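What follows is a group of structures, each given as structure tokens.
Common to both upcoming complexes is chain A, partnered first by chain B, then by chain C.
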Partner chain A sequence: MSIALIVLLPLLGAVFPALMMRLGKNESAIAASSVTILSLVLLLTNIFAISQSTVPQASWPWVPQIDLNASFFVDGLGLLFAVMILGIGLLVTVYARFYLSPQEALGRFFAYLLLFQGAMLGVVLSNNILLLIVFWELTSLSSFLLIGFKSDSQEGRQGARMALAVTAGGGLALLAGMLLLGQVAGSFELTEILKEGEKIRSSPYYLSILALVLIGCFTKSAQFPFHFWLPHAMAAPTPVSAYLHSATMVKAGIFLMLRLWPVLAGTQTWFYVVAGTGVITMLIAAVIALFRDDLKSILAYSTISHLGIMTMLVGFGSEMAVVACVFHVINHAIFKAALFMNAGIVDHETGTRDISRLGGLASLMPISAITATLAAASMVGVPPMNGFLSKEMMLEEVTHATAIGVAWLLPGLVMLASVFSVAYSLRFLLYTYFGPVRNDYPAKPHDPSRGLWLPPACLVVLAILIGLFPEAWAGSITRLASDAALQSKSPKFHLSLWHGWTPALMMSIFAFGCGATALSLYVPVRSIWNKALLPDAKGLYDLSLNACVRLARITTDRSFNGSLHRMLFLFVLAASALGGVVFARSSYERGERELLPINTSMFVGWVLVIVACFVLAWKHQSRLIALLTVNIVGLISSIAFIYLSAPDLALTQIAVEVVTLILMLLALHFLPKEAINEVISWRQYRDIVLSVAVGASVGFLCWAMMTHDFQSISSYYIQHSKPLGGGANVVNVILVDFRGFDTFGEITVIGIAAMAIYAMLDGMLTGPLSATLLKWTSGLRFSPNRHPMMMVVVTRVMLPLAILVACYIFLRGHNLPGGGFIAALVVSIALIMQYMASGFAWADERVHFDYHALIGGGGLIAAITGIGSIVLGKPFLTSGFKYVDFPFIGKVELASVSAFDLGVFLTVVGGVMLALANLSNLGRMTGDGKQ
Partner chain B sequence: MIGYAVLFGFAAISIALLMNLWRLAMGPTVLDRVLAGDTMVVNMIALIILYGVQRNTTLYFESALLLAMFSFISTIAYCRFLLRGDIIE
Partner chain C sequence: MNSFFEALIALHIVVGAFFIFVGSFGLLKLPSFMSRLHAPSKSTTLGVGGCLVASMLQLWAAAGTISVHETLITFFLFMTAPVTAHFLALAYLHTQRSIDESLPKPSPNSNWSTLLNEESMTHSNSVRISEKSK
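And now, the complex of A and B:
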């Protein structure tokens, strides 16, 4: 449990600093750091167990169907990374408290920071690789929030977006890789996977797994060619850079490569891809770092270069190289975090990070200068700093590695990179702190408050201690982490400052000399660099991103250009093509069922439908005729429903036809009465061919389906409707009982749709469009008689009769054709009739209920009916029914579904009326309506 | 005897429907077509009732009732549309 808590504490605790911000900055920082400390203490309680070579684990099933378990474990490697995440996290919290200005939302910042911390801890402590992916993507998301913390600056937003696009994109590749890995290994638990090294390396999927996992690692750890996002992420506030880009996020890729080292490493491919990428990254980034002027940018490229070193070491595949990598991970985190914080101090106190405007700060900011000098010494690898030790180990390993059969190739490249590394480190230090004191700093520089210089000073002290007494301060943790990474006992090694005159030391001294010399030639070299035409990674990224956007836009515009004709054409074409492919691949046998004799009247009905369709196609320019013929088709459909024994459907169809017609006529008022008369072209012939083909295939499909015997689920409903649902009308019982949950969803949709129509039309009446609407006239002459007497009388007489019919249909619905939906349509039509005959104003005045309330009330009643069954201990929407004997009336069935049906009724009435009344209100506002 | 009467009814209504269809297709004015549609509904009501008589059931009566009650709304709506443009004022 405690292991899961290590991860969960920061995630859950993220709210505290945000809440404590109301009390003040200190309280918020204390809240954030207490969460971190608590988590750290919990972590350290596991040290004893780990040193006894046991692995504390905790596991709960989360989504067992896909093998996703919330399982965590702490071994040496996880411990090392978790300590770094929490330890440096603590220092960064203190630093950020003093770094961020009072105007910046410190509480929000700490909340993001803790979120990120929790996500990182999840990555390093997850046992399940799917869970690891979840946390991996969480780090991408939370780092997006952190990098874009200054959301008012364009660089902040762009940098954050780029980091997200690259790292989250890599995360997708990683997900695929992990899925493959889990399938091949037969388990998604790391502790199991790590035992299956042989099986995975010999699997045919090995190369795919390797490629996908490495894309994930390389994007996260900013390896060439994905390195470009890291310098742009420097738009983040400096504490973020110190945290994310030194110790944690960028190390996640290195962590994963170390984690999977036992199963993936050891092949030629691994060596060339990983070590090769590492060397290239190391060299390129070191060169670029030399020609950067922004302090943070120099450090960013330096970080990329050091990440390259680590990647290269992992790639060597030798056990000692892994030890060196682990040790360098520790050292790099320490000195790079200190340097970032130091760069932040310079920025904070002088007002600029531009190295060309700095220099001579040593006498003005002595404390900062000392920490910077020591940290930079560690970065270059000067004894007795910790960086020296791991650099020597790295060089030692490089001298043993042979690439493409050339012994000097790797050492040569690494030497070259080291020379540049020395040069940019010296430049960073000398050009900032040494040289003549200037008098044009943007602000008056002085040493910062204790809160700012103490965190980096702590790190520098640690760097010296590890440098002087490596075995005591870092020996055991390096050994533990290496054992865990290798999944076996690591080779014997002894960390010490002095190794004797080894080739590695010679290389170091040589590189130092060359680097210093190179820096003295900086000015002429820089002018050549400035003139050189270099590819710009950001430019390429933007270019490809824009190309993607353009492609998406073109595709969308071409297929959905606003023309219904085009959309229908594409849709029908795609549907028939898919159908054609499926049909071509399967066989067809004639159906066995007997055909039914055709009845004369039905034949006439069939003729009516066909002719109506032809008239529609022929006369479609006149919209009124088109509408009329569609109505005829609807009428025949309802008759067909009756003929085929579906009276419920017939009732619904008849009512829906009327409502639809009114809706269409209301809308048609605003449309041109005649459609544009198109010139007959090849397109029309094409469309005719296509539509005939589709019509024929749908007809054939129906024929094929109906002539074959098939088992439908209707028999189940017919059998169980009376005993289970208590109703003889199967259709209604299905609607309100068997599939009540569907109906509940549908009435919700009806309500939402009506509200959306209302909102849209209301916007037209009150928004900028209303001016156009007020001026609009149809330009036609109309009859002066608005409300003919006969119509008014007939509709008013009809109203109570229609309501009576609605009541009748509603009440008998459970046992005979009818129900809430049909009754609602009947009532709506009866009401609309009044609007039509007596005018909107007259009817609106007399309607004493609010349609919105009707929709909401209906939904509420239906929901309460459903929840009622939960209260009684049954699943949602379980119905109950009972027969009660009333005096005089007789036996009456009381069913809970009647209440549900009432909810349906109210929502539908409200929805239909809201839509129609508002649409008709639109017509009143026009120029015609005003007359 | 009633069986023959029903059959005769079916035949007569079918012929009537076909004649309605002729008017609907040929027009010549929109009003002709609207009235053709209206008459078609009247014939359909008769058809439903006859079908009920033939099957000896009252199950279809409500459909005929609903058609009778509301089909005239459609016709009125068309007419209002032609006369006034806006069907609800």
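And now, the complex of A and C:
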């Protein structure tokens, strides 16, 4: 439990600093740091167990169906990274409290920081690779929030977006890679996967897994060619850069490579890809770092370069290289965080980060100068700093590795990179702190407050201690972490300052000399660099992004330009293409079922449908005739339903036909009675061909379906409708009971559609369109006898009869053909007849309920019926029924689905009436209506 | 079932079918609109009525019960068919203004309501209708 708490505490505790901000900045900082300290204490309680080589684990099922378990474990590697995250996090918290200006939202900053902390802890402590992905993406997200913290600066926003795009894109590749890995290894738990190294390396998916996982790691750790987001992320406040972009988040990729080392490493591909990328990154970044003027930019490229070193070491594939990588992770985090904090101090005190405006600060800011010198010395690799030790180990490993059989290629490249590394580090130090004191600093530089220089000072002290007494301070943790990374005992090694006159030491001294001389030649080299044509990563990124957007816009505009004809064509084309693919791959055998002889009346009906369709296609220009033929087709479907003994469907079909007819007539009133005569072009022939193809394929599909025997689910419903649902009408029981949730969704859709119609019509009546509407006339001559008396009287007499019939249909729906939907349609038709017979104004005066309320009430009643069953402990929309003996009526069945059906009834009445009544109202507002 | 009843039911179905045919034939073949208008009324009354009586007889002969469904159907038909015919006639008259000279007037000082102009349509006419409905 405590292991999960280590991760959960910062995530849940992120809200505390934001709340405590009301009390003050100190309280907020104390809240943030106490959460971190608590997590750290919980973490350190596991040290004893780990040192005895037992790995504390804990696991809870989260989504068992996809093997996603909330499993955590703390082994040496996880312990090392977690200590780094929490320790440096604590220092950054203190630093940020004093760094951020009073106008900036400190509470929100700490909240984001803690969120990131929890997510990063989740990455290093998770035992399930899917859980790791979740936390991985969470780190990308919280990094986005932190980089864009100063949301009013354009660089901040663009940098945040770029970082998110690159790292999240890598995260997607990583997800694919992890899914493949889990499939090949047979489990998604890391402890299981790490035992399956041989199986994974020899699997045919090894290369894909490697490629995808490496894309994820390289985007996160800013390796070439995905390195361009890190310098732009420097738009973040300096505490963020010190925490995320030097010590923790960018190390996530390295962490994952170390974690998966037993499984993926050992092959030639791993060596060439990983080590190669590492070396290239190391060299390129070191070169660029030398020519940057922004302090944070220099440090950013330096970070990229050092991450390249770590990647290269992981890529070597030898066990000692892994040890060297782990050791360098520790050291780099310490000195880089210190350097970033130092750059922040310089920015805070002098007001600028531009190195060309700085110099000679040593006498003005002595404490910062001392910490900066020591930290920079560590970066250069000067004894007795810790940077020197890890550099030596790195060079040692490089001399043992050969690339492409050429013994001197790798050491040569690394030497070159070291030269540049020395050069930029010396430049950073000398040009900022040493040299003549200037008189044009933007602000008066002085030593910062304790809160700003103490955190880097702590780190620098740690760096010295590790440098002087490496075995005591870093030996055991390095061994623990290496054991965990290698999943076996790490080779024997001894961390110490002096190993003798090794080739590595020679290389170091040589590199230092070259670097120092290179720096003295800086000015002419810089002028060459300034004139050189260099690829602008951000420009290319923006260009490619704009190109993608333009392509998407062109595709959308071409295919969906508002023409219904085109949309329908594309839709039908896609559906038929899909069907064609399936058709081509299936056998065309006929099934075993016997064909029945045709019933004469059904044959006549079929002929009628075909004739109607032809008439429709032939006479479609006269809109009235087209509408009538469509209704003929609908009525014949009703007859077909009756023939196939489906009275419910027939009832519904007839009612819907009537409502549709009324709706279309009301709408057609405003359209020309005759459609425009179209010119026959190739489009018509194309459409004919497509229609014939689709018609033939649907025919074949029906034939294939009807001749093959298949088992459908209808037998289950027929069997269980009475015992489980309490009703003999299977269709109705399916609608309101078995598939009640579907129906619930459908009545919601009816309500929404009706509201949309109302909104559009309302816009027509009250918006700018109403002026056009007022002038429009249909051109027809209207009879002065607006409301013929026979119609008025008959509809009025019919209304109570119709409602009685609707009630009857509603109540008997459960056991006999009927139900809420049909009843609703009958009532709607009866009501709309009032509007048609006596006019909109007359009917509207007499309708004393709001159709909107009907829709909402219906949905609410249906929902309450469903929720009622939750209250009683059953799932949503479970129904119940009981047979009750009434004195005179006899045995009556009371079922909860009646309430649900009532909801359906009300919604459909409200929806249909809303649409139809408002359409009929529209006629009043035209030029005709004023006659 | 008794063969007498079978014959009776068959007779009613045939009679009903015959009248439906007569109505459809008339709808197709009669010369003018107004004469075509009363052809379907034969189908809906005598034609459908025959089939409905056959259905009632069948239920009585087979199960001994008297069913009222069919009378309901007839009742609804009788209510709606005249209204439809009325509307069709009104629409025809409205579109064929030229025939108003050949039509006899309903009363000496007024005309058919659908042929009146807006001004000559007396205010009392419409008021009477709306007063009755309240």
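One rule holds in what follows: the second predicted complex is superposed on the first by the 782 of 931 C-alpha atoms of A that agree within 3 Å, B and C clash if a C-alpha of one lies under 4 Å from a C-alpha of the other, contacts with A are read in each partner's own complex, and residues count from 1 in each chain.
As a convention for this text, a residue touches a chain if its C-beta (ideal position, glycine included) is under 8 Å from a C-beta of that chain, and two chains touch if they have at least 3 such contacts.
All values reported here derive from a predicted model rather than from experimental measurement.
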Margin query: Just checking: does A:817 make contact with chain B only, chain C only, both, or neither of them? Give me first, second, both or neither.
Written below: first
Next item on the list: Give one of first, second, both or neither to describe whether A:607 is in contact with chain B, with chain C, with both, or with none.
Entry: first
Note to self: Under the stated touch criterion, which partner chain does A:796 make contact with: chain B (first), chain C (second), both, or neither?
What the structure shows: second
Note to self: Output check: A:925 vs chain B and chain C. Expected answer is one of first, second, both, neither. What do you get?
What the structure shows: neither
Notebook entry, point to check: Does chain C touch more residues of chain A than chain B does, or is it the other way round?
Noted result: B
Margin query: A:783 in the overlay: touching chain B, chain C, both, or neither? Say first, second, both or neither.
Written below: both
Next item on the list: Using the superposition on chain A described above, determine whether A:826 touches chain B (first), chain C (second), both, or neither.
Entry: first
Notebook entry, point to check: Which holds for A:836: it touches chain B only (first), chain C only (second), both, or neither?
Noted result: first
Notebook entry, point to check: Just which bits of chain A does chain B share with chain C as contact spots?
Noted result: 783, 785, 787, 791, 798
Check: Along chain C, where are the residues that touch chain A in the complex?
Finding: 79-80, 82-83, 86-87, 90, 94, 113-114, 116-118, 121, 129-130, 133
Margin query: For a test of understanding, state which residues of chain A touch chain B in their complex under the given definition.
Written below: 600-601, 604-605, 607-608, 611-612, 614-615, 622, 624-625, 628-629, 631-632, 635, 638-639, 642-643, 647, 650-651, 654-655, 657-658, 661-662, 665-666, 668-669, 778, 780, 782-783, 785-787, 791, 798, 801-802, 805, 809, 816-818, 826, 829, 832-833, 835-837, 839-840, 916, 920, 923-924, 926, 928-929
Next item on the list: Spell out the part of chain B that touches chain A in their complex, as residue ranges.
Entry: 10-11, 13-14, 17-18, 21, 24-25, 30, 33-34, 37, 40-41, 44, 47-48, 51, 59-60, 62-63, 65-67, 69-71, 73-74, 76-78, 80-89
Notebook entry, point to check: For chain A, which residues are in contact with chain C within the complex?
Noted result: 781, 783-785, 787-792, 794, 796-798, 838, 842, 931
